[in-house]
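The next part holds the structures, each set out as structure tokens.
What follows is subunit A paired twice: with subunit B in the first complex and subunit C in the second.
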Partner chain A sequence: MPKKYAIHTKNANPRFPPVGKYATVEFREDCAGCCSACVKKKCVYGIFKENFLHWSSMQEPEYLYICKGCYRCVQDCTKGIFSMSINPEYRALGDEYWDPDIISSTWAQAHTGRIPVSGAGYRGPFVGQGFDSIWTDMSEIVRPTRDGIHGREYINTTVELSRRPTRLKFNQDMSLAMDLPPILEVPLPVLFQKPEFGVLGEGVLLSVLKAAAAMGSLMFLKPEDYSPAVAQYRESIVPCLTAQDYSEHADMIRNSRMVELAYGPSIEREYSRLRSIKPGLAIAVGMPLDAATADRALALAQTDVDTIHLYGSSHGREVDSNAPRYMKDMIRQVHLKLLQGRVRDKINLVFSGGMAMAEHMAKSLICGADAVAVDVILLVALECRLCYRCKENKPCPVKLEEVPPEWGAQRILNLVSSWRNQLIEVMGAFGIREARRVRGETGRSLWFEDLEKENFGPLFGIRKVAGIG
Partner chain B sequence: MALSVAKAISAKGKGFKPRITVFHCVSALTDASVLDSSGCDIQVVKMPCGIATREVFLLRALESGADAVVALVCPEGQCRHLQGNIRAAKRVARMKKLVDEIGLDGRRLNLFNISRGDAQAAERAIKQTASDVASLGPNPAA
Partner chain C sequence: MVVQQRIHYGQASRLPEIVETPSRYRNPIGKYIVRRSSRCTSCGRCAKLCPYGVHVRYEGYSQPLRPRSDRCIGTKCEANKFFCVRNCPQQALSVGINPIMETLGDYRWTPEMIVGHWYMAETGNLPVVDLEYSLGFSGGGFDKMRFRIPDKKDYVDIPDVEIDTSIDLNRRDDGRPQRTLSLPCYSGGMSFGSTALSVIVGRARAAKRLNTLTSTGEGGYPLEFVPYRNSVITQIATGLFGVREETIQYAPVVEFKYAQGAKPGLGGHLLGDKVTPEVARMRETVVGSALFSPFPFHSVYSVEDHKKHIDWVKEINPLALVSVKVSTPTDADMVAVGSYYAGAHIVHFDGCYGGTGAAPDIAKKNIAMPIEYAIPKVHRFLIAEGLRNKVCLMASGGVRNAMDVAKAIALGADGCVIGTADLIALECVRCANCESGRGCPRGIATTDPELGCMLTEEWVEQRLVNMYMAWRKQWCELLRQFGMKSMRDLVGRSDLLVHLDYLDEDERRKYTPAPKPGAAL
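For the complex of A and B:
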């Protein structure tokens, strides 16, 4: 039996105290003194011990990042002396898309490599916008495999980034009468790319590249970001070039498994020249995710391109639009266009922009992506608080410029491992054992808009748009 | 105001910069950086509620070298946890007596009720404490 793919995790402690969510408030005067049965001793996260230690050193103690808000102490205390408080600093983290819960759970995943614990409490409406209006159909969860999805049962998360022939030709003797394109696979539908902003020193880039090399993934990188240290990971780099400058980077191309060209008119003319530099090279074309993307993708799919990389905004939306659509709608549009053109199986689609949670990856696949590329979340894994001070040239509160590559790579590996485990959970519950089969599998999802139309449309006619959010 | 405090400080001993530990409820004082302009050496300990002002930590602050300790809590009736500020006031009152008994002078320990967002009131509280401490001199227990 082939060895199972695994990402090795180990604790990577935060360098700075993370901004925690909950604080416990305690009315000690009312304590019944039942010390042997005290709920403080039962806390599985040991927050009261930490609490005391922080207090005794006169630090700001109470906003303990390790408290998961299970409310055990609040509920089990015989005298009810505990209550919870939310850190106002926590509420101010990030922005409307990169909300505090995403940031905090990413920190926890990057720290431990485990699936985050969401804890108790009201988490807002059951439905939201964008990816939050899709629910995955977990009906197969009632029939789990006997061997367990993390045990002997093998769920394959590998995806391809190389093109596929739509038909095979055989000779009379049944031997293949054509050359098959080489196969480029990544073990997880997650690729990396450099974020648009942030303190992006060499330490950060090396962390991402080390992680990419360790897990067998790829990182999209521009030639100006190359340095001797970065170049050691050339096999994990997809150089992002243009039709004008690729001839200057022949060495880079020879050492890479895949190259990305920026979209331009008649870009297909460059493929043969690129493949003359390195035979069998996989070629991706990068383009913004805008209103014309679907038509451009259909035209490109007729050519010998392997992958189309579509760049959305960092907030998971269409770019260059006054009313930007959500990533899920854009993925769906491009995917369906290629299906109608009967070329969907030929090429691969990688979407990037605003991929913030493991569920975004799974839902992107359901909508029709082959893989996703992540960027901002990599910074968050390295403790970024998304305070955007770097955009104003102010110092970074967590000193991202000093990230040690070993530590940073481990944080990213932990995060990706947690995402993979979540993908496996979802696929197990779908009853699907191949990540490639999840692509466009909308039958395994429930869409709020459709359900609302189906159930309430006959009663209320055209639905109210203001309802959700 | 800042000038009068500075005068008081210089009157007691030249070069004496009072060290004040401030325990504050986050609902009462949202941004502790407003205290920086008081001219004192301020150490801030942020708390989720005034109830977290424990006796032992008030004393530990004095023991660790603070010339004064200030607790800033919400006004009565405005505590998110209903009684946090009232209990904090009782604890501070108890500790004031204790500090008096051991000869450190209870004026080194104060509690002020600050309405949410009233940064000026917080600044006034610190300056008042600083002027009291200026007359008392450095903490002999430090």
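For the complex of A and C:
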């Protein structure tokens, strides 16, 4: 058995007090002054220990990151002077897609490296849009086990980014009669790319690159983002070039394992020239995830490309459309087109845009991706609140421009480790030991539309409400 | 062989007594908040007028007590002559929505559903406050289903005591005892370790009084269960914690837990902080060391292996019925049939939105299907296979209230297994911190030496009895409306259900719309 892959996590404390969900409100004019029996002293989580300054300066309400909302102070106070509210700052985090719960959970994962575990049942809606309309399957008995993460079995999350020959040729003596293309693998189906917005100083880039190097992943990066410090991590960088400018970056290409070319007509003509700069170079082609993507991907798959990188919107949708489809539908469309064209096994598909949770990665694979590339979530790991002030050139409330690369890299490693462990949980449940085998495995998933039709259709007839209702 | 007699609430004497069991807390939370300003002169008029006991004033006290806001029926009281706000000579009183409601609950357990269940557990009655305690904000499943508007001429005017809410657990006709529960539900497994001893023993006491069952979960069999053993299911889960010959022999029903809805395919998980010396002793493990139950049973890789295990249990305890608890994969229907042929009396499906003491969030949200889909799927398949009348089909996982139970039964289940509602009755606020550190700060899901002693068995028992008796009132009224005298008549009557998304606009307007969440969600 090969050595187990592991991402080493350790606590990376937040630099700024994270925005907490709850705020306690006190009506102090009614306080009985029974300080020795004050409920604040009995708090199980000790949230008031650090808050004595609030008392002295009479600030209120107190926004409490670590308050768990147990209501004991509210319900036990002698005079009932406590109430609780949702911190308005918490509500203002992010937007409709990047909601406060996603941001808060990401902070906790980046802080500790632990997967989110909680008690009680699921607290959310029955079903949601996009990926939230898919459940993953499991099996009761005849399946491998998640004991993999505890030492018994090996669940492999490695995926390939290099193309695969569809057949092998042998000589009479059974030796290979063909050259095999070099293999480019990453140990988990997560790649990085630079977000479209944000305070993206060198500290942030170095944090991501350092994490990519430590975990064996890659980051897509444009040449203008290179600096001497960044170039130290060239092995972990996929330079994003164009047919017009790649010849100016021969050094960059020689030092990289993979290069991404922006899609353009007859882009395949450039492959041989690229590979003449570095033989065996893996080549990706990047293109927007729009209505023409599936056809373009099919045509590209006939060429000698290794990976197609499809860029969706930061909110997990198709781009350049008045009625943008969800990422899950776009992945299905491209994947199925290549399957119908009988070329799916030749190449790899990397999807990016709106990958906000570990389940998005797992469900992307189920829909047909080989890997995902993440961007905005990297900023969130570095404490970004997605306030979008940077878009208006206003100062960043968490000073992303001052991120120390060591700290930032650890936050990202923690987050990715948590994502990987969550992927293993899901794979263990549905019983697949290889991330590569998850690709397109919709048989291990349950889709809202199908479940409604199969189970409610016979009872209630035809559904009259479109979508999830 | 002793065959138990069928017992149900056809006899008034069997109904357990409801006893008012107030909140453990000084400041119970209600939907409305009543404020008394400093203008109050303690004249006592409000205390005399309010029939709900909001205003408490003891003679000889210079000041009235703080209003019991949780008892206030709110603004609808304006229509009453005794409305305190209007009657206060000093205009010292005001009533409004309690702002804390915004922070309580979630999509599935809404603030009003939680507060409504607290009221039921306290009083044994359905709330008089205008609370929506039967529908959540989830926007699907049970929350989109309604019972058809009944025809008034179908109504049967009979008292609750004449309505049968019982279910039979043994339909195999295999010579083993019949076990008839007086309610169409029993309490799901909660282990010692995940939950305080007083809670699990209190549940067992309530189960005995209600003539139903509770389950050990997989944390072993505390000796405190022994006096109530005829009401306690012994669970055999993959960790086999505390499973011994005598604990199997104690049990009227032995439950094989293959999977749990909140973490299908993952096995149990008790974080190290909750493995106290007592828990470790019970489970024969190491203090402070996290306990992972494997998944699946490593000795079960086929229906034949499964049968072998059931045979062992039947051999050890010739009087026990066997339940198989599974989650809801896409082939749930095949699992049910396989379980029946392996010898199970009860097949228990636990849907993906079920409760837990600890589970990865990714599992709770995403793995396996909601129970609302699994019930009709399995029910139909069992009918097609000619097995529906030979097995008891129990459903759980997101079955929150009495109407969810009724809907599950109309979809095809014989009854439901309840977990979270039990804890809500004990004043759980669903803060979801059962798994961490010392466990539940409210003393429910914890074995911490200090926190685990916050509840008494008696209090737990009576709160549960009260809640289930309130549920029973809801079921009786539902059955009366459809001209039924027994819960058994409701099984599989999906024709009595509608789903809002499958109705035309005009038809949909006739039913209570799906509640919308507040801004906090």
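Here is the rule we go by: the second predicted complex is superposed on the first by the 377 of 469 C-alpha atoms of A that agree within 3 Å, B and C clash if a C-alpha of one lies under 4 Å from a C-alpha of the other, contacts with A are read in each partner's own complex, and residues count from 1 in each chain.
Simple rule for what comes next: a contact is a pair of C-beta atoms (placed from the backbone, for glycine too) under 8 Å apart; a residue touches a chain by one contact, two chains touch by 3 or more.
These numbers were taken from a predicted model, which means no experiment stands behind them.
In the superposition on chain A, the chain among subunit B and subunit C reaching more residues of subunit A is C. In the superposition on chain A, A:I115 contacts subunit C only, with no contact to subunit B. Of the two partner chains placed by superposition, subunit B and subunit C are both touched by A:S85.
Legend: residue contacts after superposition of the two complexes on their common chain; A:K3 is shown touching neither subunit B nor subunit C.
Using the contact criterion defined above for the overlaid structures, shared-chain residue A:Y45 touches subunit C, although it does not reach subunit B. Once chain A of one complex is fitted onto chain A of the other, the partner contacts of A:K169 are absent, as it touches neither subunit B nor subunit C.
Residue contacts after overlaying the shared chain place A:W135 against subunit C, while subunit B stays out of touching range. Look at A:R28: by the touch rule set out above, it reaches subunit B but stays clear of subunit C. Comparing the two interfaces of subunit A, the one with subunit B and the one with subunit C have residues 83, 85 in common.
Touching subunit A in their complex are the following residues of subunit C: 23, 25-29, 66, 99-100, 102-104, 106-109, 137-141, 143-144, 258-259, 261-262, 264-267, 269, 271, 292, 294-298, 300-303, 305-306, 326-327, 329-331, 335, 352-370, 372-374, 376-377, 380, 397-398, 411, 420, 428-438, 440-442, 445, 451, 494, 497-505, 519-520. Taken in their complex, subunit A has these residues touching subunit B: 23-29, 55-56, 58-63, 83, 85, 87-88.
Residues 21, 26, 30, 43-49, 51-52, 54, 57, 60-61, 64, 80-81, 83-84, 87 of subunit B are the ones that touch subunit A when the two sit in their complex. In the complex of the two chains, the subunit A residues touching subunit C come out as 22, 44-45, 68-72, 74-80, 83-86, 91, 105, 115-127, 134-143, 145-147, 150, 357-359, 362-363, 422, 425-426, 428-431, 446, 451-452, 454-456, 458-465, 468-469.
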